[in-house]
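Listed after this line are the structures, all set down as structure tokens.
What follows is chain A paired twice: with chain B in the first complex and chain C in the second.
Take a look at the complex of A and B:
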């Protein structure tokens, strides 16, 4: 039942207009990042570039030592994603399948933990990491985000696993598999798609984390991209094309990530979040 | 029977081993720091040496601090910008994409729009902040465009009467995608023939929105309302990168307020009191929401 009327095109036009508005800031960063300063001065930010100049990008790249920040972000987010999923799985296995006593109470505790603003943890974490010599170390931040992401993951996976088909577990037990084997040979393969989704979100969430890395990774050499961008905006770069280049480099890894994992990300993380 | 329950119980005990790493981690990363923070909030402490116990003095001072009250007030602005507006907008968008675009133009278009609207949501907030301060600064893109249209520009982030609205605008831009994606995946559960039947019965788009989309998405709306409101209560990075809470505290929020007392003025006890109060409000609100939700579920 396709309509042919004007409404179709009005609706489409409105949606396209809104999309253009939403993506305009990113498009503006792209077109101005590759302009020369003279081109920008002459024709303004809205014009397409008539010059092609990567020096803004190159300046910012070397100025903040971008490859190092990229590596820090990759290491932190990658480890937090993998370890966070593993920890979630272990916890959820005990609560959802093992049905440990107080499992319900633990979940409520975890839920409250998720709600605690990081501001309530940041100073003690700063103090504690300093006193045990783990301050300004990527590993301490990896441990912290592994636990924080796992809190959410446990909450989510526990409800998925509490509905796990009991016959499968029973069959494996009859075949003589112990709990450890059941976890890896029965539960893990079935849960793999869900775990992959979880890891994707843990990765991007950790990538974008700001407050804790800002406070706990004090030195330039350990900063993540997210923190480097935040510190930069404080300094305020006056040269508009360099600022555009900086903004573009800051969002570029995420853009690439988005293009690869777009389907997973836009399906949303609703598994178990909605009863 | 007795043997089975016996084996269950020992089984259950063994599962505690699987829970150990997670529990130890949770205690070290969340439990202990949170307890310390609450304890610190009853002291006067400069971050070194021994904290001295002052009882409720920090909280007493908090109640009389104008900056605290304006930070709470701005939190309400952020609830509007992060929970209320994005939820309404993305409900309309989700319904349009699901009920109209998907049927009139095809699923591909609907997915394409969803992906496009979603993109700002996953950018690092700090990078988005650099981008937006470049657009909103006095010599930035927005003012150039406005001047081109013959309008007066403004110092959007530097003028106390505009700054909060400018930051709110950026938050709406960031948040729309989050609720849109959740609503669209919720609509995935809905049988499209339901819309078709309503259409044949002569229900227009507004009726279908009101009588099908909204009731169908009730669980998702509850989840979104809860998560975005909590996110609004915690908002930090956008304020840090866009305005630093200024000008004249016109965009200060509790998170930024406690951050400055922790690390700039080094009144650690006071910072801890602010963040403890903020946590109490957040958890109270969260539990209220959950209570409401379960009660509704029981009624059904």
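Take a look at the complex of A and C:
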């Protein structure tokens, strides 16, 4: 069906509207991050800046030791992405290709890990990490997020792998490859684009996590960027320009990450879709 | 070393028996073709020889060694799949060398074997390409090459030509046959295409409903089909089957045939009919000239009959036509069991 000129304009208008809606918070952060506190106090958050002052950014940078937080976040997200994908692949290989007994049941059990709200996990996880001596260690959150992300990853990859061409696996078997070799020499290389998408998603999702890192990473040196941003506003103190600067700095790495992996991500939208 | 023997082989999925009591021996160097309609169990049988399906009963031995419980890689076989199953992320050379890599064959030997197979199959210019950059026929050859470099005792082919267009299929048919003859490797080949079977096989195994109907050379099957199923399956167009009781057609017309008393089915190949002054008189329903021959579809006392005539005939639908034949070309089958009645 050919779209008329008018429909095209309406669609374009809607899309522009949506784009503006998505960009508004970022714009707001930019506007307020470069204002002086006085400018903000006098004219409110919506006004365009009359002053140009980077002290908010500088304050936040030094106040929270931004490079350290950045490193923590990168380490956490990077490890969760890599380990999460690895664990998902191993699980899914067993369920999707190995056809282990009760694979479907296992999948449902794993899925419950996604469905249970994180808030209800906080308490048990807190005591668990305490009892194994991982409290206030980045490893505790790395392990937890690896498992949580792998729940979704297993679900996705198991369905991708159940559609994996059988004849390729059989050809590899006839060629003398054992299961381990089939996984790494046949399945893994063919699945690499899908795994890249999954890793990218895991990275961004973990990056944005707030509650569990807040609870489990008590000391300042172990906190991540999202936690650092959160603790900026105390009960009686609030410094909107610094908060705006923090928001800007906080999303910047993910934004850069997104721009680098944009193609991978858009390809990821079709993962698992019917060809 | 490469003989394949099946004795009492059976396959059950749960309670369903898809293959029962298969006894077969394929000699060393022989090109044996399993042929039959879809679902007859031929692919399952091949996969059981390969070790990709478990065996529910009986024994399979390759080169005198019982292989029932061996992994595919330990059976000294190589297989060519219907989809070719080339590894998409590997070059042609890597695809062909994968089995050797898994077997830890040293690099020089591996290279030599790949080079030799590639030369034989005309793949040398494509060794660095990926499968997606190859045509269907080239992919087919790579799949062959992958099987060849392993120097196995037995080649197994699972409908390898069914994804190719008609012209290429004819070409690949003779290429596979020539390659096999040059290497002298025992080959078991599955197809549902009886022409493929007739043109390539040393011996054909006709299967139907999980059983072997007949084993024989192509001309054996064509000249002396053991039963109605084989008679109708082998040969194109299919053999005419005419129901005859006490030498008469259902409408009472006497047939000038030497038929025994009682109910029989008379088989007559379309190419054995020719226009003649004496014989059977049929009502023409369709005329299909192909150039080399003319295909006549007609009815004989209400029963469909096809004739493939070499001579040009000027008949039109609705006309009557008298067709003669040599009684030596008649096949008689029991009307009930469908088994051949020897004369």
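Here, the second predicted complex is superposed on the first by the 214 of 275 C-alpha atoms of A that agree within 3 Å, B and C clash if a C-alpha of one lies under 4 Å from a C-alpha of the other, contacts with A are read in each partner's own complex, and residues count from 1 in each chain.
In this section, a contact is a pair of C-beta atoms (placed from the backbone, for glycine too) under 8 Å apart; a residue touches a chain by one contact, two chains touch by 3 or more.
On a predicted model such as this, the values are computed, not experimentally measured, just so you know.
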Touched partner set for A:186, first chain B, second chain C, both or neither: second
If touched residues of chain A are counted for chain B and for chain C, the larger one: B
Partner chain(s) touched by A:120 [first = chain B, second = chain C, both, neither]: first
First (chain B), second (chain C), both or neither touched by A:49: neither
Partner chain in contact with A:78 - chain B first, chain C second, else both or neither: neither
Overlapping contact positions on chain A, where the chain C interface meets the chain B interface: none
Parts of chain A lying in touch with chain B, wherever the complex brings them together: 1-3, 8, 11-12, 15, 18-19, 22-23, 25-26, 28-29, 44-46, 87-88, 90-91, 93-95, 97-101, 106, 109-113, 115-128, 143-144, 146-148, 150-151, 154, 179, 183, 204, 207-208, 210-211, 214-215, 225-227, 229-230, 232-234, 236, 240, 243-244, 246-247, 250-251, 254-255, 257-258, 262, 265-268, 270, 273-275
Of chain A, residues touching chain C in the complex: 165, 167-168, 170-177, 181, 185-186, 189-190
Residue ranges of chain B in contact with chain A within the complex: 11-12, 14-16, 18-19, 21-23, 25-26, 28-34, 36-37, 40, 47, 93, 96-97, 100-101, 103-105, 111, 113-120, 122-135, 139-141, 144-145, 148, 173, 176, 181-182, 184-186, 199, 219-220, 223, 230, 233-234, 236-237, 240-242, 244, 254-255, 258-259, 262-263, 268, 271-272, 274-276, 278-279, 282-283, 286, 290, 297
Touching residues (chain side chain C, partner chain A) in the complex: 50-52, 71-73, 77-79, 81-83, 85-89, 98-99, 102-103, 146, 150
